[in-house]
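Both of the next two complexes hold subunit A, though its partner changes from subunit B to subunit C.
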Partner chain A sequence: MSSINTPAVVMDNGTGFTKLGFAGNDSPSWVFPTAIATRNTSTGSSSKPMAPSKPSFLSSGTGNSNSLIAGSNANSKASSIHGNRDMADLDFYIGDYALEAAKGPSYSLSYPIRHGQIENWDQMERFWETSIFKYLKCEPEDHYFLLTEPPLNPPENRENTAEIMFESFNCAGLYIAVQAVLALAASWTSSKVIDRSLTGTVIDSGDGVTHVIPVAEGYVIGSAIKNIPIAGRDITSFIQTMLRERGEADSSLRTAEQIKQQFCYVCPDIVKEFRKYDNDPEMFAKYIVDTVSHKKIEVDVGYERFLAPEIFFNPEICSSDFLTPLPIIVDQVIQASPIDVRKNLYKNIVLSGGSTMFKDFGRRLQRDLKTMVNERVEASERLSGAKSSGVQVQVISHKRQRNAVWFGGSLMAQTSEFKSYCHTKRDYDEYGPNIVRNFSLFSVP
Partner chain B sequence: MPVPEEDTNARIVGNLAVLPIKTQFKGPSLPCMDPYDIIDEVLDLFRANTFFKNFEIKGASDRTLIYGILFVSQALNALSPNTNQNEAVRILTNLSLEDFAIPGDIGFPLNALYLPPSTKNDAVFLRQYLAQFRQELASRLIQRLYLTDSTKPSKFWLAFGKKKFMNKSL
Partner chain C sequence: MLQLEPQNLLIEETFNTALAPGYEPVSLDRILTDFDFTTYHISTPQDKTKILLSIGIKCWSDLSKYGALELLQKKYGGYSFVKILSQGSCEPGYDVSLYIDIEQVQLDDEAKLELINELSLLKRNCFAAPFLKAFARYEVLAKETPVDPNNLYGEDSAATSNSNEEVLKLDYRGEESIYIKPSNDRVTVIFSTVFNDETDKIFSKVFLQEFSDARKRSIQKAPQVINSHKEVPLEIQHIAPPSDDKTYITFVLFPRHLSTEDVKWNSITHIQLFRSYFHYHIKIVKCYLHQRMRFRVQSFTKILNRARREVDEEELRAERKTASGRRFEVK
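Let's turn to the complex of A and B:
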């Protein structure tokens, strides 16, 4: 029973990126794309002519039985199909290596998670297998695992996950936590948080979509969740368009992404910000691109510094079909939640994900939201004649925002009570997969 | 969406406000007492507003602003990245004085939003005012474009010529 002292493994598999590490750490040990590159099947006619030429001398001695090279199945018939398929199963890459491998002709890239939910279980199992044995390099039977899931994940998905974790990997124990709840827990490190409650509104913005999720005492209010089709990817492509329109020397996606991460910030008022740039040429920045040939290309960085993150607050500047600003969406989400938790949802608005990392993002959101809420309070005071006690609006930014979900998981899984909340391998064997339909919530320490 | 302040005292022709401007160019505009006039406003709002496809017109001055913004777009498109300041003055002076359409004319692209002047005299007046307005706008635009370097216009400004405010252009 070595599992008593080993730290729990925290895995946060997101649509775009997977965050991997051990509980108790401040940041994940590995962050890589949730991508898997698998060997193309030989049924594709394009790969057929290539396959026999390479391994012909290797397989000549062994006839057409199982060759060591997984791709050599083109010249073999029914007898070896089984063996070859097994070998092909081992021939895959995950993460950054997958992206690299997929550049060649013989691998195809896929993303097993779509919209936060696991779509391809077979690929996900192989993805986890590599995560555990090649990245974490741990024995799953010695470790408890904390996995994350999106809000409104169907219980069947939990069962499938448990089946893989317990039956394929034989892990010691399992806890599946809702990402938004972990993001709330991560905000406890901020000095602004005093009461450590699991009630709040989570704004989770990654690469693909932005979610606004209200959570009351650890439970997600599913009916009030809203998604915004604006996130990191849109900001990057907005910057890229601006670079192109200006005719900069380099306007690759990578450059745009670097500019986004290094130079962008949120301003209080765009018209005033333009004037600031007129009066102070120092506001214009330069980004230097190192090319492969060791040439340095200078790219000027201008108004995109504040215009790019502005698309959250004025979506009209980049999209024509989605026009509602983020603060209004947050307000709608809270208004759609039960009335008795609304005050607490306004008081604890928590940011999570890389696209919320822009400087002053939280401040602008808080200001815009406060204006809206105060107007409503004033209007109701005017109509009813009664004095309102006011609504406190507070947006919480903290240092662990980028990997907030993973960090929240790390915090939870390092507590001494964590293991008592997990379902163990023994429970699983005793009761079957349906035990993971329910997990008790962490009590607040 | 940034919106200008409404000036109710201005003369209105058609439904466009003839706002006073600070200018040395000849024309019918009243002298402007305010240190910050509609031209400054157009130039300040131009960059932010070009990103917006929708613009709610609240008053006659908004139409003056829209006209100004669209003229700035047209002016930027008339310049190229290596036009120097003297050339730019020449190009934009020609552009602002060339035969342009006023509201009500067949070639005017915004006739859906602008009413034609009611009398012939008004039309003549409006044409003179707009000519003056365009010249002053062009001249102050050039000041901003060549603020740091008189050999070529600021590329940051020039890039905004590609955007189409309200999906319209003059």
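Let's turn to the complex of A and C:
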């Protein structure tokens, strides 16, 4: 095929947001919520709201089973036969337009991805269809695709994905990469990374949940993965509560989010930071809200500037049931991994996702971890009497952290070897969907 | 989403932000695509306020032969801040570049929107050239030999058949081509398309049949659609080599599709997207069938689950046996 020169399409479908774009770009072309708004059917009361209206030739041929399944629904089904030419299956919106459309009465909003995994394949298929044809404007037959999946994604989900990509869209080639591995690849842009290995610990903190994932030589160590129920959403709501308690003029979710993005940072020591604020009123910032009616409201920004990101390091200030700080979790994860990779896991701790973007987040994490590791090394030196060669702890933060997974995908997919790692449509036709259970790893250049 | 939109949303968005008041110039370097192997590159090579929009089209040599460059000149030349670079001066690897100095843009909001729209329609504008050329030729022919009003059925008489008329040919996807043939009472547009997938071929037959039927049923104003598989239509038999796996779709544009400027552009917009539209719909038909299939499987599983016999405790206890088949009683 002549698809050799077209740029590969990189799609990172996350729980909250979908990142779409072409390989070779440094940022995704589109970032929008992974949401789809579908038309409410008149038979919305049935147990299966997603069932598309049935073409007449189907319902007449299978009359028997139909009465079994539909039961009391049989009447309403009969009426929907009449309306099956109304293209109800094409009447939907995705992304920001979906959120907009769902405000009206006739559309209902749903999120086809839950906890990183695709739950509703019907909706996901349609979501992809619109993202490819409307937003990226490309003919899937001419492009290779790189999709992402969360760690521990069941292989059946991969097969389903391949079925859709190859059978519905006839895409030229497909590669499904694990998000954590791509995040590692994205860190290669940082000047601190010298050896470009695919071994490291990935801290991926998005909107809903934070994962700590150890990766050795491109393979995820599944047994050692840990989740933390603290992520972007919790920080935002923490700021919101602080604003509310102080009785600020505006304490909407949006304002809290803006404050989080513009003012928050991680401090080395809370007690000292409190003192600094009390001695120096300059530290308090002001955020100006533009309301719809063009009135300007001033909101004071106080201690939450450093307190909000602090909940990663001292979870007790906002949550009562989860109390382990992030550095300890990272340490536990590495300790749970095989002993021969632990050194490299400590040396290459990579941040990814929007909630790791706070200033000095990496530095604080590195300091806390280092203290912990050094104590352990000292203790073992004392007990064994042998001199340790020391463990290097390094947390890497880089410019592309926000869309690290997508960016890593873009880096990978623009290499000239990428297409040889993909499974092509021909392979799929030859071997069937289980071909995508295995992908060869990118060799490290 | 029934229709594909002719404009490129990404270009639209880029210029919407770039031309908005209070835009802070950033350096851009983006690759975008469009259907039929069209690639765009948006970049700011020298200055953050000067955006270079380059387009690469597979069949550019054909398009430029039919005056695409002149058309672009006509479309964008009116704007003093848009420089059109072509051939030697455009970005290497691309065919035409538009160099837009956004600092110089002084337009009111409506004109700005108009400009953004025109920029996002760059691909269509390039593809419009051969169509416009054919339309112009049709007008000349129509004047030379007016249509005989007695010839109700549009039969080609020997005198009026324009079999020697030049056919404009665009190899828009390498193997697949568009042929445009003007004559004195119509313009014929023929698409040839290839399906790599066997199932797609079958879908396409059903789909094309529907196209021809739709006109009979309700939409009389639509252009006539004739489709043929493998058989090369008469109009292009002398230039198209016979081939086994090609499907030909012929659109006959009648004078009413070419009456005014607006109608002409409307016809062009729709017809140049036809191939993408066609392939898109075959794909979403498959998506729709998949949905039905999933629903069906789910409902069958439900029935099967309902049919499962409930095993009570007593039976379970009686049926204990070892791997070798020996039974034993649990006391």
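Here are a few things to note about the model shown:
Throughout what follows, the second predicted complex is superposed on the first by the 405 of 445 C-alpha atoms of A that agree within 3 Å, B and C clash if a C-alpha of one lies under 4 Å from a C-alpha of the other, contacts with A are read in each partner's own complex, and residues count from 1 in each chain.
In the analysis below, a residue touches a chain if its C-beta (ideal position, glycine included) is under 8 Å from a C-beta of that chain, and two chains touch if they have at least 3 such contacts.
Just so we're clear, the structure is a prediction, and the values are computed from it rather than from any experiment.
Legend: residue contacts after superposition of the two complexes on their common chain; A:322 is shown touching neither subunit B nor subunit C.
Look at A:7: by the touch rule set out above, it reaches subunit C but stays clear of subunit B.
Once chain A of one complex is fitted onto chain A of the other, the partner contacts of A:265 are absent, as it touches neither subunit B nor subunit C. By the touch criterion defined above, A:300 reaches subunit B but does not reach subunit C.
For subunit A, the partner that touches more of its residues is C, with subunit B and subunit C as the two candidates. In the overlay built on the shared chain, the residue A:29 is in contact with subunit C alone; subunit B does not reach it. Of the two partner chains placed around the shared chain by superposition, subunit B is the only one that A:275 touches, whereas subunit C remains out of contact.
Judged by the touch definition given at the top, the superposed model places A:219 against neither subunit B nor subunit C.
In the superposition on chain A, A:111 contacts neither subunit B nor subunit C. Of the residues of subunit A, not a single one touches subunit B in one of the two structures and subunit C in the other. By the touch criterion given at the top, residues 242, 245-247, 270-271, 274-275, 277-278, 281, 284, 300, 302-303, 307, 314, 316-318, 320 of subunit A touch subunit B in their complex.
Interface residues of subunit C facing subunit A in the complex, by the touch rule stated above, are 1-2, 4-5, 8-10, 29-37, 39, 173-174, 196-197, 200, 276, 279-280, 283-284, 286-288, 290-292, 294-295, 298-300, 302-303. Note for the complex: subunit B touches subunit A at residues 1-2, 44-45, 47-48, 51-54, 81, 144, 147-148, 155-156, 158-159, 162-163. Remark: subunit A residues 1-2, 5-7, 22, 24-26, 29-30, 48, 50-52, 54-55, 58, 65, 68-69, 87, 89-90, 92, 121-122, 125-126, 129-130, 133-143, 164, 167-170, 425 touch subunit C in the complex.
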